[in-house]
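In what comes next, subunit A is part of two complexes: it sits with subunit B in the first one and with subunit C in the second one.
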Partner chain A sequence: MAAEVDPAEVQTEQEEDVEVIPLTVEFSGGLEMLFADKKVHAIGLPAKTPDGKASNIAFLVDQVCEHLMEDDRKELFIQDDSVRPGILVLINDADWELEGEEKYEVKKGDKIMFVSTLHGG
Partner chain B sequence: MAPSPCALCHTNRALILRPKNHQKLCKPCFINTFEAEIHHIITANKLFHRGERIAIGASGGKDSTVLASVLKTLNERYDYGVELVLLSIDEGIKGYRDDSLETVKRNAQQYNMPLTILGYSELYGWTMDQVVEQVGKKGNCTYCGVFRRQALDRGAAKLGVQHVVTGHNADDVAETVLMNLLRGDLPRLSRTTSIVTSTPSAVANAESGVPNHTNIKRSKPLKYAYEKEIVLYAHHKQLDYFSTECIYSPEAFRGSARALIKNLERVRPSAILDVVKSGEDMARLIPGSDERCGTGGCATNTTEEAGGCGSSQGRSTGGEMADMEKRLQQNDNAADHGLEVEITTMKTPRKKNAPKKATHASTQVPRKAVNQTMGQCTRCGYLSSQNVCKACTLLEGLNKSRPKASIGQVDAEDDETSTSHLSNTMNQVGISGD
Partner chain C sequence: MFFAGFDEKIANLQAQIHTHETQLNSLKRQLATVEFEAAQSSIQQRPPTYPSTSSASHTAYENHDPHDMSFGFPEDWQAETLAALSASNPPALQRWPLGKEEYKRYGRQLIMPEVGLKGQLALKASKVLIVGAGGLGCPAAAYLAGAGVGTLGLVDGDTVEESNLHRQIMHGTGRVGMGKVNSAIVGLTSLNPNVKYVPHRAHLTAESSLDIVDQYDLVLDCTDNPASRYLISDTCVLLSKPLVSASALRTDGQLMVLNNPPRPPGDSSGGPCYRCVFPKPPPPESVTSCGEGGILGPVVGVMGVLQALEAIKIISSGSLKLGTSDKEMKNHTNGNSAKDSTAQPPSLLMFSAFSPQPFRTIRLRSRKLSCPACSAQATITSETLLSGSLDYVQFCGTTHPVQILNAKERISATEYAAVREEEVVLKEMSFAQPPGHVLVDVREKVQWELAALDGAINIPFSKIASTKVPIKADEMGSKTPNRVGVESEAFWLQELRSLPTDQTMFVVCRLGNDSQLAVRKFKELGLDHDGTRAIKDIQNGLLAWRRDVDTDFPDY
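The block that comes next holds the complex of A and B.
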């Protein structure tokens, strides 16, 4: 199959590999303290995961922990490889449960918000 | 996933999935429904009456900010005819309360409500920073909880207000129900689950209309509101609130109960209200609860130990014989120490809080019924079932630089619901360890 592939197409695919999706990620409700006390972050997320799948929320969360979090208390954000219960995730203002949760595939310009309900006044 | 339409208006895109019933709502329908439910709770429980002045215990956090916003909206929409004021307590913790008090000040302007800030330093002569310097980080929640409890009442009295509303939500109540369950403290459940708590003197002084700091009514209008919905309401209405964590308190036990509740919610969102409901049902079955006590005034008594969502009271676990035995025991103890104070309205003699007695009683009466009787603190006049109220006892310790004199046994993990009675603590020593 590889022999039949047009070299130009391969080139395109490689370009897609490095393509990034511009997103706005926001942390609030006390979560911002894990992210340098900054609430709104404009980021570019690779369009594909390393194994070639479309980037979804699970991948975003993973990347955010790796590149954006400036606190080593990852457990305040992640529990059992998922967003910790008590943290709301809003995808373009909609509850992520209405959007497929971690499987939601991000689109250009999406606004993803993580709001902690765990902090007091 | 295709966008779902709102279950109510069938027009807008649904943004909210309601935890209690999985209903999918759009933003305007959610806000309307949320407000309508709080209105229903207020009217069904007759929480307010026309002409009443009500102080909102305001911390600048999500719950009290949403409470202030919703109450203002409802008061205008349904013409409750109540006057709302904000009351904030400044514990004196630098880097924690400072910022949230700034938020409350902005809220006061946004909602056009007068704001009173009352500090621990002016009330007690100690800020929490100073207390922690004295007693260390461990156990400081005990002081904070006891002081805060009285502070809200004192602040209300100062404002001439007889009713304080707090932002306790369904998650908070469920959490406290679980904590009491896990501690084996069922008698406390009925207070934990009550939407209104009041004091005997509130009943007695109702006609005179003169508030003192012992007759303040407390209520929790957000008792059935999910924390999730409170946060979403604040988000969608773009309310100005402040999130922070107390720099001193790890609150390990409450934290574990909280985590458990949140984990349950993820698997079964209705669990939170179910736990609240279970707490209410269990409270009814407990001897000495509101239902059983009727007008005896033994269950709705709010002592200074009672926090916003719970307190120790009426540990009646052994029936009448145990009650009698306990009373006799108390008489004996009282006689032994020669500190008897007669309060004519009381059925049983006062208990005392001499530490000596604590060891004495804990060996002899490991777990017996206690009928609390209410009197006033001989030092500050605050409602108390003890000779000297908890705050005065703690203060005495602080002022003598012997901070751990009498609080060694008090469970410190429960600052919101405050701490147990010293006399109850004797009985709890084996149970409440954290």
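The block that comes next holds the complex of A and C.
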């Protein structure tokens, strides 16, 4: 598949005429290796989840894993249905804990970043 | 030009000199300590007889060679320290708050309003602990020593290796094999002999950390593993010490100032701790070391330098209650006003060397109300730490060498060497044409280019890992499994499929972990043709090849 997820591409998986939220998703600290070695991805996320709720970070993580991840080793990104320990999720340059974590509802133009902690020294 | 023999002799002599120098320094330090104690007791016994001008102060302690800076107590400073100790006995003991040599040495930072006299005295009174004398600890220690912190403690149990030298700038070629702490102190003493260097020549443990950290005002986490990071953070919270934590890998670095302001557990005005930011440790298989992932010297250097900078900012702001020399502070400043408000809001600085925007700062959360270390509900106490009930290594988990194949799927490096030799012999005898074998080297391309075995083909593990195993085609009645969607198959996979099926496939990597995963994946992808083709892992990879077969194979 293409390294970049075309907004239209994600859209086709949903019903037609689904509203799409343009977002920037960024990976850092080595996580980019799981995403075709590309750090910044412009994506379009359906505005609603399949069960009609406003799209939040949990849904984004799900979609990122489904459509953006090129590596087979999902466990390096997701564990127990959530982002694995050791990955900081940042919503517009702030720790997601400041913004409501998984429940934060994404908005147009949001920049969501996933940073793996480094341990070398 | 030298003959090879000379180089060796020179290195040998240098190593010996360094060893003796270290011993000598240690003896001198012990002597200085004893002399210091002796002097201290004599001050208490007799009335002070200090000369009133600094120029005359040389006569008071002239039994020390003024050029010998290895004491850790050069005379100017010694005079001052003694003066500070006897502050209860005025008269004015010296004319200027800093020694003559100190004005000169620190002049360029003294004239900056961010430091000034007050900041310099705070630095001089401060005791900083650096945990880890490696890629972060070396540059951090160099700049803190250069800036004139009073006491610098170094913790590390490792010895200097050749592969450290490209980034661990306080060590040297002649000191390979020496303990890192001793080696760093040799380098640091030559940089600034006026600092008191305290060696802690073992890794920090739950049993030792409280005792060690308690002797200092501020801690730099320059370690390289999650278990140490949790331990250091917990200890700093318990002892109310600010913590400057950094890490680096490949081209990236991260920096956080934690527990700043340093407040006791339960005080929500304190800065967050490591556990607030990372409540759970990462799965051990996701943790990559510099040895595995690589590290660019200046990247980790930048992070270590930034740690020193943050430490200098905290100390020179005067916000710390420094353990010693409170008297000295009061003598020369208007008291030590607690300026906790100068602490920056908690943040994480990310450095990415090859990014168009290499430095970025993100806002971090404040203390977590449920944090087991720094909240009112904290369960981590001095007692739990000392009792050993907190097993940090177990908490963070350990990776075991990959062991997913059975004995039949593996071959030793020596056995593989015999396979190669036998093929050569058979070919020479030429009455039998052996089917031959194929050797797949699954290291990343950049490693493959460094050195590889003759006849090997390179398929990087990252490509193998990112190849999805198609859904089994059994229900479609196909006899060949896993062949759905052949047209979209990765090029490397097509290449391997095109090889004669009677060739045994051997898989090798650097250490023998990825190669096992690759063997498993190759089989899942049907490359064994239902068992027609043998696919075997070379145990311990090129490490074993170098160790057991070809010692000339490059070790990197």
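Everything that follows uses one rule, which is that the second predicted complex is superposed on the first by the 100 of 121 C-alpha atoms of A that agree within 3 Å, B and C clash if a C-alpha of one lies under 4 Å from a C-alpha of the other, contacts with A are read in each partner's own complex, and residues count from 1 in each chain.
In the analysis below, a contact is a pair of C-beta atoms (placed from the backbone, for glycine too) under 8 Å apart; a residue touches a chain by one contact, two chains touch by 3 or more.
None of these values were measured; they are calculated from a predicted model.
Trainee: After the alignment on subunit A, I want to confirm one thing: do subunit B and subunit C clash, or do they fit together?
Mentor: clash
Trainee: Tell me which partner A:G29 touches in the superposition: subunit B (first), subunit C (second), both or neither.
Mentor: both
Trainee: Counting residues of subunit A in contact, which comes out ahead: subunit B or subunit C?
Mentor: C
Trainee: So, does A:K39 touch the first partner subunit B, the second partner subunit C, both, or neither?
Mentor: In the superposition, A:K39 touches subunit C alone.
Trainee: For A:T49, decide between first (touching subunit B), second (touching subunit C), both and neither.
Mentor: Neither partner.
Trainee: Just checking: does A:G100 make contact with subunit B only, subunit C only, both, or neither of them? Give me first, second, both or neither.
Mentor: Only subunit B; A:G100 stays clear of subunit C.
Trainee: For A:E70, decide between first (touching subunit B), second (touching subunit C), both and neither.
Mentor: Second partner only, subunit C.
Trainee: Touching A:L88 in the superposition: subunit B (first), subunit C (second), both, neither?
Mentor: Touch status of A:L88: both partners.
Trainee: So in the superposed three-chain picture, is A:L118 touching just subunit B, just subunit C, both, or none of them (first/second/both/neither)?
Mentor: Touch partners of A:L118: subunit B and subunit C.
Trainee: Do subunit B and subunit C land on any of the same subunit A residues, and which?
Mentor: Touching subunit B and subunit C on subunit A: residues 28-30, 84-86, 88, 90, 93-95, 97-98, 113, 115-121.
Trainee: Give every residue of subunit A touching subunit B within the complex, in rising order.
Mentor: So the residues of subunit A touching subunit B come out as 28-30, 84-86, 88, 90, 93-95, 97-100, 104, 113, 115-121.
Trainee: Mind pulling up the subunit C residues that touch subunit A in the complex?
Mentor: 132, 134-137, 221-226, 229, 246-250, 252-254, 277-283, 285-290, 293, 295, 300, 348, 350, 352, 355, 360-365, 368, 462, 465-469
Trainee: Subunit A touches which residues of subunit B in the complex?
Mentor: Its residues touching subunit A are 1, 3-4, 13-17, 24, 27, 59-65, 100, 167, 171, 227-228, 230-232, 235-236, 241-246, 258-259, 262-263, 265-266.
Trainee: Any idea which subunit A residues touch subunit C in the complex?
Mentor: It is residues 28-30, 33, 36, 39, 70-73, 75-76, 79, 84-88, 90, 93-95, 97-98, 113, 115-121 of subunit A that touch subunit C.
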